[in-house]
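Multiple structures follow.
The two complexes that follow have subunit A in common; it is paired with subunit B in the first and with subunit C in the second.
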Partner chain A sequence: MGNVDDDGATFQQNYVKCSNGTAKASTPISNGHIPNHSVEQWRDEQQEEQHNDQEQELQLLLNKQLKFSAPAYTEIRTRTGGLKLKGVNEGSYHPEKQAEANGYVSQTGSKCDKFKPSRADGVLSAEQEHYQKTSFEDVPLHTACLTYLGFYLLMILGYINQLLFVPKVATEKGREGYVTLYDAFESFYSRYVYRRVRDCWNRPICSVPGDELVLKDRVTDDYGWSFRFTGTETRCLNLGSYNYLGFAAATGTCADESEQRARQKGLAYCSPRSELGNTQLHIDLERLTARYLGVEDAIVFGMGFATNALNLPSLLGPNCLVVSDEKNHASIILGLRLSGATTRVFKHNNMRDLERVLRNGICYGNPKNGGKPWNKIMILVEGIFSMEGSIVRLPEIIALKKKYKAYLYLDEAHSIGSMGPTGRGVVEYFGADPNDVDILMGTFTKSFGSAGGYIAGSKKLIDFLRTNSHAHCYASSISPPIVQQIYTSMSIIMGEDNTDTGRNKVQQLARNTRYFRRRLAQMGVITYGHEDSPVVPMLVYLFSKIGAVIRTLTTRHIAVVGAGFPATPIMEGRIRFCLSAAHTKEQLDYALDVIDDVSENLGLKYSRKSRDPQPIEY
Partner chain B sequence: MLGIQLFNEIGSIFRNTPTYALVLEALLLITVLGLLLHKRGGRGLSKEQQDYLIERYEPEPLVADTDPDHPLLHTRLVQSKVGKRIVVDGHDCLNLGSHNYLGLLEDNEILEEACKCLRKYGVGSCGPRGFYGTMDVHLDLEDRLAKFMNLEEAIVYSYGFSTVASAIPAYAKRGDIIFVDEGVNFAIQKGLDASRSTIVYFKHNDVKDLEQLLVQQDKRDQMNPKKAQKTRRFLVAEGIYINTGELCPLPELVELRKKYKLRLFLDESVSFGTLGNTGRGITEHFNVDRDEIDLISAGMEGAMATIGGFCVGSHFIAEHQRLSGLGYIFSASLPPMLTQAAISALDRFEREPQIFGQLHQKSQKVHTQFNRFSKLKLGGDELSPVKHLYLAEERDSFETESKLLSQVADKCIERGVAVVEAAYLRNRERKPIRPSLRIAVSRLLEDSDISKAFDVIEAVSSAEL
Partner chain C sequence: MWNFKDSAAHLYRQYELITCINMFEPWEKKLINGIVLLMFVLLIFSSCVYLPSYMDSLLEVIRPAAGSTKVEDLTYVPQRISSM
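After this line comes the complex of A and B, so read on.
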């Protein structure tokens, strides 16, 4: 064993779990092993190898029997010559790594240095600084053409497919003579285009979504119409979950206290806050959140999505103007739709466009109302944009907001906890005053490893929401163990447990982020977004490449997320990595080496920027 | 050479064209240019004018002032685990307020299983369903729910409110027509808003009114058959209306659905796990084939005593939400331990179907007892675990009634019976709802508890009203 065979079927898992529960990658193997794609839980390496061999054979047999077994988890190659872990083998790509590979950085980050300032800090104007720190590159012309061509080809094939083959699931029973329920394009797209890559989403897992996760393997026998579980599991490095600070864990303080709370208070209240669902626990959490963010008051809800969708309608009315970033999240868009306010969109993170929209808004008033002035103008932005990986240009927006007397609603769903020296979000990152942001919104799903959302701000605002928020009045109050998880993790981030665990986690994340982003840039792939944003989209452009990359990375035990049309523009298919404080340098190195190899193989190195020849420091 | 040829060619075109055509074309050109230039200059304001306007612009404050005595600022404080008894504001009370109809919040087995699940998956799921937020417990629950309801597909949401509010706009779009009972809960109203369809409300539980509206719509359709061919028609109702405690007349609604080719969406947040001999909801109660209903949605925050909600239906219909249900795609999935609690609750449903009979008995007992208040009037069906107590004698305004009722509730809590006034955002509901005390019946109530509750409420209401 040990050599790559022609089927791309492979053997050894070079990604081992240490017995003490902390994960680290072994020194990369020298003879070109590639991990197998269906490995059950580790027990013993010897056993495992044997087991894998058997399973391998079984799998091959299965594949031969099932003619239509679609490639749920198989390597996809475009270049000949077989796969080669280039950098790893030669050891020259990143010389320091060998030396550092054994210098294990613990998860509490004892080796973390201070937050290193960027070269651009304080030297350039805000606009230039932002430009300098944000990576963005236009798509090469031929790639753009190919992307469109590829997409049209997919569509044409889809249409032919639709003509020839309508499966049973796509017909409705017992409703003859009814107006068809779905738009033709919508159902066509989901059945004949999206289906081809359906296996890359909604993948079931059966473990904590921590630094690693365990996928439940599934295969499809009918080209993606349905899936069947094979009964095997694949352990993967998790670059897909929003576990920024690594609080997703089944052990440790958070889990212990949550369990205790569940035993003490039960699992739910079966009543909204406004009736019999208000407890001291909720009140304490609101106070802690307010203190954490440095504002007067806060209010919490049971779902992050609903926090936007069900509170924006209370804050806005028909004669209000909302100036919204074009990349804002669906929950914001839904909230705006429910509110009845007029929405104008400005170009993503483009301050000039924002100013233009604001000026026009004030000067020309509400056209539906005979040009009368707007009651309120609200700027709606996110801290970190989840698909772009970019960071809002907060200082400039605050200046504009003051100049044009607009209100600012900042959605920190991804940035709270993950940005700023002590994890207080983009407001702290930019050193802004939290009171300059009128409405601070965020979720507890991501950095806090729980569920729910908050809105924080002045007491007047929060009192208004308590009496007008849909979610506060009608929706069930948050479950006690869920509240406890937020409370405990937030206390840890704030250092109220008298340790520096929280601070270390934030710093570890910042280090991981910069390291990962720089190494990706060095590889020559195109990434979007700000250098300090832990959301890292890597552009692959072609729709089919999204599937190819995700599947190939899965065979190498890396779980990532892809996004394509309609979540992104047709042209901009991408893979998104979400970094976590739980990742160690070894894990990242492993991932980066594999990504390097895969992007070489699938032709993802689109970037024409000059590459940093120096090895990247961790 | 080429230039001269081209020039000659153009010259010949001009010569061969009749004069009137040339004039018309010239005019056309001038109009186009004029329009283009006009638009550009438009209602242009000079920079000074703009600055002046901006300086003078004064927006309204972000939010209006809130009355510090607003009842929603002074919600009651629950100080214990919720069960048959509950400690509210320091008083140990019999619980008639939490929607814990089957008493599963007190079930230790469910709690243990949930805690075990916490130890396997952690607390949060850290991602939406599409992005590694799908855990095997979610698939398990969906599978179990579909099997329990004997339908093809179930889909689980992480928030009760967002379930129906996302399900409706996943199907109904601009230009469609939705017929809705005017007594529907707030979550449905928000779902309707989000759909941007034409909404037609019919009187609460009034099938005749609905039919009349449908006939009117039919006439409109005949006048414009082309449009009618593209207009999807929906009918939305609740199994048990949480705002009134009434059952919907399902068999009649199904008849109308067939006759007028509507698609029927049913929200069973209260009726799921309460109605029917085995808890399968209002379809079982009326013995209606579940295929007659296009989509059933329900919260799991009542009988199942956890968090979240689900939709069940045929594969053709329910599956669509996995790509179009906004609250499904864009929200983190339900925390695994709460998902497990729902699975364990289903286990209980299947293992001990007698609990539903017990609940029906208790609901009926409460109904007969509570019908005898001297100053309060009972609303709701006798089988429904949700009942409303209105003032027998109507007062002049919403505020007075509301104030009187919350006084009654306060006094009842002091005397050991927890009842609460139903909370509404009065100015945001489609139609003002009359204030009431909302009673939620629990299976665990004893006969003596019911009489005690009756005595306390009767004594307090007689004294206060």
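After this line comes the complex of A and C, so read on.
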């Protein structure tokens, strides 16, 4: 199981050492490049060796330690000093759990059969079950007020700052009398609001983003205008990658086969599929994808974003109505704008609103065309909404689609591979028939640890796309090693390598997800979305708290992703955890203990729901 | 003592987060802190100087019979509702 197993055993020692390391080392920041054993131990081992040699190597080690333990985040103010951070072992949520042996993944990759389905599973009707598992807790009133207050302060001070000082940005010369090319508010926002917490985003990494990653440390001397690298690195637990099944690894079957394929076939065909870029590899991948999804045919593209943005215009025209969920991804919105179709938005996951919009669309026809009927009506939803962590209510949407004779376009970017008993997405999760969904779209970027996208459906649809899609005709075809990575990971998920690895990974992800979400709920932080979705947004609301949480977690060696105003509503700043099958229980426990500490200290425990007093079973 | 220190630190941290002070540059921090402090001082000052007489007059409005004798002594005489 590739990297799932490798680091599990050594992990706990490392992190315990890191957090207790403040006593021994001079800085709280240490990193993965310090050898696992301590200096004293190292000395003991080396005592037999020659004195000269020892001194020399010790000097080298000290140099190395000095290099890698520079205080990376001191100049960006992080509050390690002020925070009352507990150690990993003391005061953790379930001390008895810590004593337990390494829980789920053993060295051989076999799993223990303790996975307990939710109590709601299969007892209630599908609709009620979905309702019970989904949570969108309201924001407390005072938090809402404080969030707005914070934003007003940021804006006012931003304007004062802009008035008093010349921003340290490049300006165009010789453009007097021209209208500004760039949107004024956008540049103001990025200069005076986003810039203050810019160190929390776009952080460079220098390793495979598997269950752990290595951050390249950088500091800013001028409050976020510019950064410089310190030359140090920080090893962090990775809770930010869409690496749902843990196929992003530098070792293992996938990596080996991709490398072999690159040596055989080169790195790119430099030509579109319809010209010279079409090979047996691509045809095989399309067949495998179609078989994987249980539909007639599939077509693959080299870029997930373009799969949405360029195929929607070929499917839709000006006299079409699109009923789109309000939380749909930017690629879908771009595709809809390019297509010129009329777009009506319905409230997020609200079936009653969807039906209202559909009914109105059918009743009144196209107002731009004198009320004549639409050519086609398409419902456009995602499987898992990446910002909300919620799951589409597919059975009800299929029922509505059949009732009103509309088409259904399902974007399974996040759900493919990560949902359902064998990883075939939300369609399998709800036990629906894949042929009921007219257009199945998804990406290879997330679960398969690769790049690209696919569209699957009936033979007729795919043939239409082969002749009409811009992404097929003009974009160059997928590079051979990438095709191989997708092919190998997909066959592993399907179990065609005659092992249980794929199935185990899917179950591990489901188990990690449920455990992580329940522990978070028990802590009293507000999380959004469905209990079974591996994207877990934790609401922190205040803009300043996003930065504070990310910085504090980085000092405790956890890398997470925050999302603030332009990506979410002003009110709802959030931290987004993405779980992976590559995470072990120990890693999650460590992360949860730290999150518990941090949310206590920064005041993130907003939830007013009753908490489960029982310890959560993994 | 330590408890007090801890809770004070916690309170200040919350204040920092709420006003986004932890994101600001030093001079901006001083500005915000100065404004908040000024507001606070003004509030304290006004509540010490003006509040007692306001309260008296409020009592007067609510219960005219009880405190009618004291009205002449006060520097600030409120408009009687009955006289309007």
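List of remarks:
Rule of thumb we're sticking to: the second predicted complex is superposed on the first by the 503 of 618 C-alpha atoms of A that agree within 3 Å, B and C clash if a C-alpha of one lies under 4 Å from a C-alpha of the other, contacts with A are read in each partner's own complex, and residues count from 1 in each chain.
As a convention for this text, a residue touches a chain if its C-beta (ideal position, glycine included) is under 8 Å from a C-beta of that chain, and two chains touch if they have at least 3 such contacts.
None of these values were measured; they are calculated from a predicted model.
Ranked by how many residues of subunit A each touches, subunit B and subunit C are led by B.
By the touch criterion defined above, A:Thr171 lies against subunit B but remains apart from subunit C after alignment on the C-alpha atoms of chain A.
When the two structures are aligned on the shared chain, A:Leu602 is found in touch with subunit C, with no touch to subunit B. Contacts of A:Leu315 after superposition on the shared chain: subunit B is touched, whereas subunit C is not. Once the two complexes are laid over each other on the shared chain, residue contacts for A:Asn468 go to subunit B alone; subunit C is not touched.
In the superposed model, A:Lys545 makes contact with subunit C only, not with subunit B.
In the superposition on chain A, contact is made by A:Ile205 with subunit B only, not with subunit C.
Put simply, subunit A uses no single residue to touch subunit B in one complex and subunit C in the other. Chain contact summary for the complex, subunit A toward subunit B: residues 169-175, 177-183, 186, 190, 194, 201-210, 213, 216, 238, 240-243, 247-251, 254-255, 258-259, 262-280, 283, 302-306, 309-310, 314-315, 329-331, 334, 337-338, 359, 362-364, 373-377, 403-407, 438-439, 443-446, 448-451, 460-461, 463-468, 470-476, 478-479, 481-482, 485, 559, 561. By the touch rule above, subunit B contacts subunit A in their complex via residues 43, 45, 49-50, 53-54, 57-60, 62-68, 70, 72-73, 75-83, 86, 88, 95, 97-100, 105-106, 110-111, 114-115, 118-127, 129-136, 138-139, 158-162, 165, 171, 173, 185-187, 190, 193-194, 196, 229-233, 261, 263, 291, 294, 299, 301-302, 305-307, 314-317, 319-320, 322-324, 326-327, 329-332, 334-335, 337-338, 341, 418, 420-425, 428, 438, 440.
Subunit C makes touch with subunit A in their complex at residues 6, 9-10, 13-14, 16-25, 28, 31-32. Across the complex, subunit C is touched by residues 77, 79, 82-84, 146, 149-150, 153-154, 157, 160-161, 196-197, 223, 542-545, 547-548, 601-603 of subunit A.
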